[in-house]
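In the two complexes below, chain A is the common chain; its partner is chain B in one and chain C in the other.
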Partner chain A sequence: MDNLRKKWYLSPSRINIRSGKVIGLVVLAIILLLVPVVVRSPYHMHLLIMVGINAVLAMAFIFLLRTGLITLAIAAFWGIGAYASALLAVRLGLPFWLALPASALITAIIAFCVGYLFVRNPGFGFIILTIAFGMAIVLVFGTFDFFGGYVGIINIPRPEPITIPFLAPIEFSRVSKTAYYYLMLFLVLIVVLAFYAFYASSAGRAWRAIGLSPRLAESLGVNLFKYRLTAFIISSTAAGLMGSFYAHYMESLVPNAFNVLKTIYAHVYAILGGIGFAISGPVVGALIMTISPELLREFKEFEPIFTGLLLILLVLFLPNGLLGLISSRRPVRPSESIARVGKWIRASLPVSSSGREDKK
Partner chain B sequence: MELPFVQLVVNGLAMGVVYVLLASGFNLIISTPKILFIAYGEFYMLGAYILWSLVNELEFPFLVALCLAILATAILGGIVYRLIFQRIAGHFMAIIVAAIGLMMLMSQAIMLGFGTESKSMASVFTGMINIGGIRISIERAVLIMLTLAVLVGLHLFLQKTKFGRAMRAVSFNADVAALQGVNSNMTNLATMVLGCALAGFAGGIMTPVFAIHPTMGAITFVVLLVVMLGGIGSMVGAIVAGLVLGVTLSFGQYSIGGGVAQILFFLVVGIIIFFRPGGILGQPAEEMVP
Partner chain C sequence: MKTILEVKKLSKYFGGLAAVNEVDLNVGDSEILGLIGPNGAGKTTLFNVISGFFPPTSGQVIFDDRDITGLKAHEIAHLGISRTFQASTLFMNLSVLDNVFTGYHLSYKTSMWRRLLRRPSALKEEEMLRQRAMEILGVMGLAPLKDELAANLPHGHQRILGVCLVLATNPKLILLDEPVTGMNLSETQTMIDLIRQIRDRGITIVIVEHDMKAVMNLCDRISVLNYGKKIAEGLPQEIRGNKEVIEAYLGKEATK
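Up next is the complex of A and B:
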């Protein structure tokens, strides 16, 4: 592992770039860039921006899931990023372009402290601790006046206009959300590229090894705690980055937007798309789950019932997600199919034995 | 200032025993069928709402209504196990996701069925008892006594009866238990039924004392914390942690405000978990095994 650790950034990429893939990506990029030309309604733009945010949250969930940790604190770190950015901008008057990286850094530091405590308890312990953290953070935001209480923070400044020489400055306006849309695309692109790079690096290989078999990985010299902690920090930081954007996009924050239910929705996006698909799965899932409730607006109160039923049915009949239906690639690693994740986590129960095989 | 002190302790114990009951049931479900049953709080809420509607709308006597509420939640627990969890047994992530789905479904269904406003009912046992100058409401004393009786019964059931032994054997190792002639699937089903019956009981007995509202299913998350603090699978740990939480919250609400008290409790749990990863009385969890 010493070799791997030294120059992970030099290790050959595992991404196979084929010409067909390149053409597909170029077409996708053109479609994404041209969306504001076709979609004129600010409301539909708002939905698309939320799709981007939700997709990143689901990606962060899958990122950590690959190392065998199921987190329920995605929304908490999303909220930490949002509140950090909002407080920096409102209290200290920092411009958005400084508050964005600063809030990501703050999220990373908090994720390090929290993860140091949590990652030591894999299995049930980690899940329960992240749930507790997710609840505690909403309480902290709501209780202390410093964070604005349950009323939340209002009047968060918009991102400052970008001035490019010889061109009109790019204004961020609530009326046409085009600038916000492109900023969202840019941030999602950063996260996706970063995740791709991490998956392709030797650290990514170590994470995959942990996902396959923690005990085997450990015996080969992978420091489980260190790699899991790193994965926790990275996934939380990605959520925090989108939180900062969310704060300045919405211009107001309430603590209850960041409760555990939001994390559960992030899980829904990931599972609906298929958790074997680290990037495309969350995008597909978030697209469907963000747009479809708007089509069923008359039945809004039945929406959680639909979602809950959908989750149960997905787990029972479609464990590989929607993309698993159309993809020829079969999930081979245990961490890539919901049906197979966590046979090993079950063994972390104090009362169970390690030798039990699955009957299926 | 003696009166507030005793009242706070009794209030705390009354809330604490609800946590203890739920944590015990949750421990059963997590250790024998290995289900992280996030929808557990919804069963508690269902028990409370069934009892409320039986007593208030249909004017059943309290004890009959309590029995019916327990029966209904127990049967629903069995159905849910047969329909969902039995098919995905052993798939940890799938179980969590299915439980989350069930939670969303049930909580919204109850909210649609009974409305969003909170409801309360007339006390069943009125009056106060006077012990050496300390006045305690009979209602809360009955709540605490009843819980104590159920916990003792549960302990005897688990330790002395054949079925209790089967449950403990399956929780220890399902395959070895099967080799000894224990039908592990039936045992899991029975544990699920028993656990959900405990939730229904907890919801039923707390209805006359506290108000019920459609967000009370979120108690699951607090119960998770209690289970974690007491140690996963540890019955004594659940009792200690549940009572400590109840009394802490009761004092905290009186002196420093409920929100701060809850945050303090989270902090204390974090510190304890850091030093004792398995909780106060549990074994530290093993590293996962493929």
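Up next is the complex of A and C:
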């Protein structure tokens, strides 16, 4: 153990890398904190807040992808978090600060139930099931009056002001949006720290092994179901947490905001940034994809075409994503991303892959 | 000799097809048992059932005096049966050392939640496992290649790495699915030597293999499957002269 410590802390290259990282993070934190000072327009603040939400959705996608599961229900769980929080606040009068953790918990419970049924069928089965779930949830929100129907829910209360002794209370104002921005930063930070803890822990290694070869991981003693279900719950809960924030930020919800197309957008953010970069990739991808359509606002009706085209071009010509271009680090060789998707699907069908010889 | 694995009247049906049909098998402690038979005889299916990848249709598998019939693959792995796959199944994007390390790691009985919390004991354990992984690579002759990506290894080395991974789970019994298929003569000889060394450490081995020379050379006993049924069992020289076995491989004409 002593030996390990020495290696870790005293070797000069380590210190350089670590201190470099620390300096980078401090600079990044200062920039992020100073954004509201520089960016004055509420509309631009709104875009940045949406970048935060979108980035988390893309992170949630990558988190589950690492265990070999491709989910199309990200937006569904984002919506479950949003609706749970909105209903708790509107119907039961719960303050936002209670509705936020409560709705994350509700999302986690629903993710557990749904995941318990879905995760046993990896590969195609899982993709189809999550699409079906994603579509069904929009129908449920839209059809039942309890959820507000297709007109949605309006008048969702804003977060209550935070009072700190001796200081003016922090109001959540629609005009400046500064408080919302900082709250968004705080929530994204929570998700990033949680995800990072998972990636860095040795459970992360088990997840990575599952993503690389589920059959081999299982033969080495990994309970695929348990690890995948846990990843599904964590990923969905992160989306649900941002959903709660979204509901109280927008102050109104419509079911169609949470349809499967939104999940596809989350995939695009992730792939654009680079799926090998679990945290920075989604941020870069969401930043570009959220802001660039606004630069071409005259052509806004063509935006879905632009996005679809971009996705095709990315997968064909830039499978490593933008960060893959500038980074020398090659985390998971995402150049094989398409081949890997195929491999996962094949590997998840044990009969056809391992019983091949006997079926001739 | 103590029996470590006992397969009793084991059957596996795919629809109406009996891939494995009432097979009985006894494997003694520290024995090398060869499992041979023509293509489609049910050898790999038998492996898949024993290692828990398929549930059996009927019959029983008893390992170390414990009924393991119908247990899941990861549970059976923890009990001490480990297997390789026909194709080189490795963590292709990881280095050789990381492959074996991951093997150690996954088989180590740490709970998921303890792993997440990264207790100091878990860190200490990691360092210990890394050292053990290096030891295995040393024994198996892969130490100089430890930083190479698994995907970049030549086929023969990939198969050896597959065996390293299996050893990392600290098994009592290993099932090797075609360990020398596709290897050249010298690679085959290396693999045979390695398998003997593993047995000498007290690990029982069952091998499915088509390379008859390797099987005859290596195995203490041989069982022959054909159309899912066991048609012969015995010492290598007995099997070589067995009429039914020659029939199964070459057709009835050959024995006339």
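Quick note on the criterion: the second predicted complex is superposed on the first by the 316 of 360 C-alpha atoms of A that agree within 3 Å, B and C clash if a C-alpha of one lies under 4 Å from a C-alpha of the other, contacts with A are read in each partner's own complex, and residues count from 1 in each chain.
Rule of thumb we're sticking to: contacts are C-beta pairs under 8 Å (C-beta built on N, C-alpha and C of every residue); 3 or more make two chains touch, one makes a residue touch a chain.
All values reported here derive from a predicted model rather than from experimental measurement.
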| item | value |
| --- | --- |
| Touched partner set for A:136, first chain B, second chain C, both or neither | first |
| Chain B or chain C, by number of chain A residues touched | B |
| Which of chain B and chain C A:68 touches, first, second, both or neither | first |
| Which superposed partner A:267 touches (first chain B, second chain C, both, neither) | first |
| First (chain B), second (chain C), both or neither touched by A:226 | second |
| Touched partner set for A:203, first chain B, second chain C, both or neither | second |
| First (chain B), second (chain C), both or neither touched by A:215 | both |
| Overlap of the chain B and chain C footprints on chain A, listed as residue numbers | 212-213, 215-216, 218, 224, 350-351, 354-355, 357-360 |
| Complex contact set, residues of chain B against chain A | 30-31, 34, 36, 84, 87-94, 96-98, 100-109, 112, 171-176, 221, 224-225, 227-228, 231-233, 257, 259-260, 262-263, 266, 269-270, 273-274, 277-278, 282-290 |
| Interface residues, chain A side, partner chain B - complex | 65, 68, 70, 117, 120-125, 127-129, 131-133, 135-136, 139-140, 142-143, 212-216, 218, 224, 260, 264, 267, 271, 301-305, 307-312, 314-316, 319, 334, 338-360 |
| Residue ranges of chain C in contact with chain A within the complex | 14, 19, 39-45, 48, 51, 53-54, 72-74, 77-78, 82-83, 85-86, 89-94, 102-103, 105-107, 110, 112, 115-118, 120, 122-124, 126-127, 165, 168-169 |
| Chain C-facing residues of chain A, complex | 1, 3-4, 197-198, 200-203, 205-206, 208-209, 212-213, 215-224, 226-227, 230, 332-333, 350-351, 354-355, 357-360 |
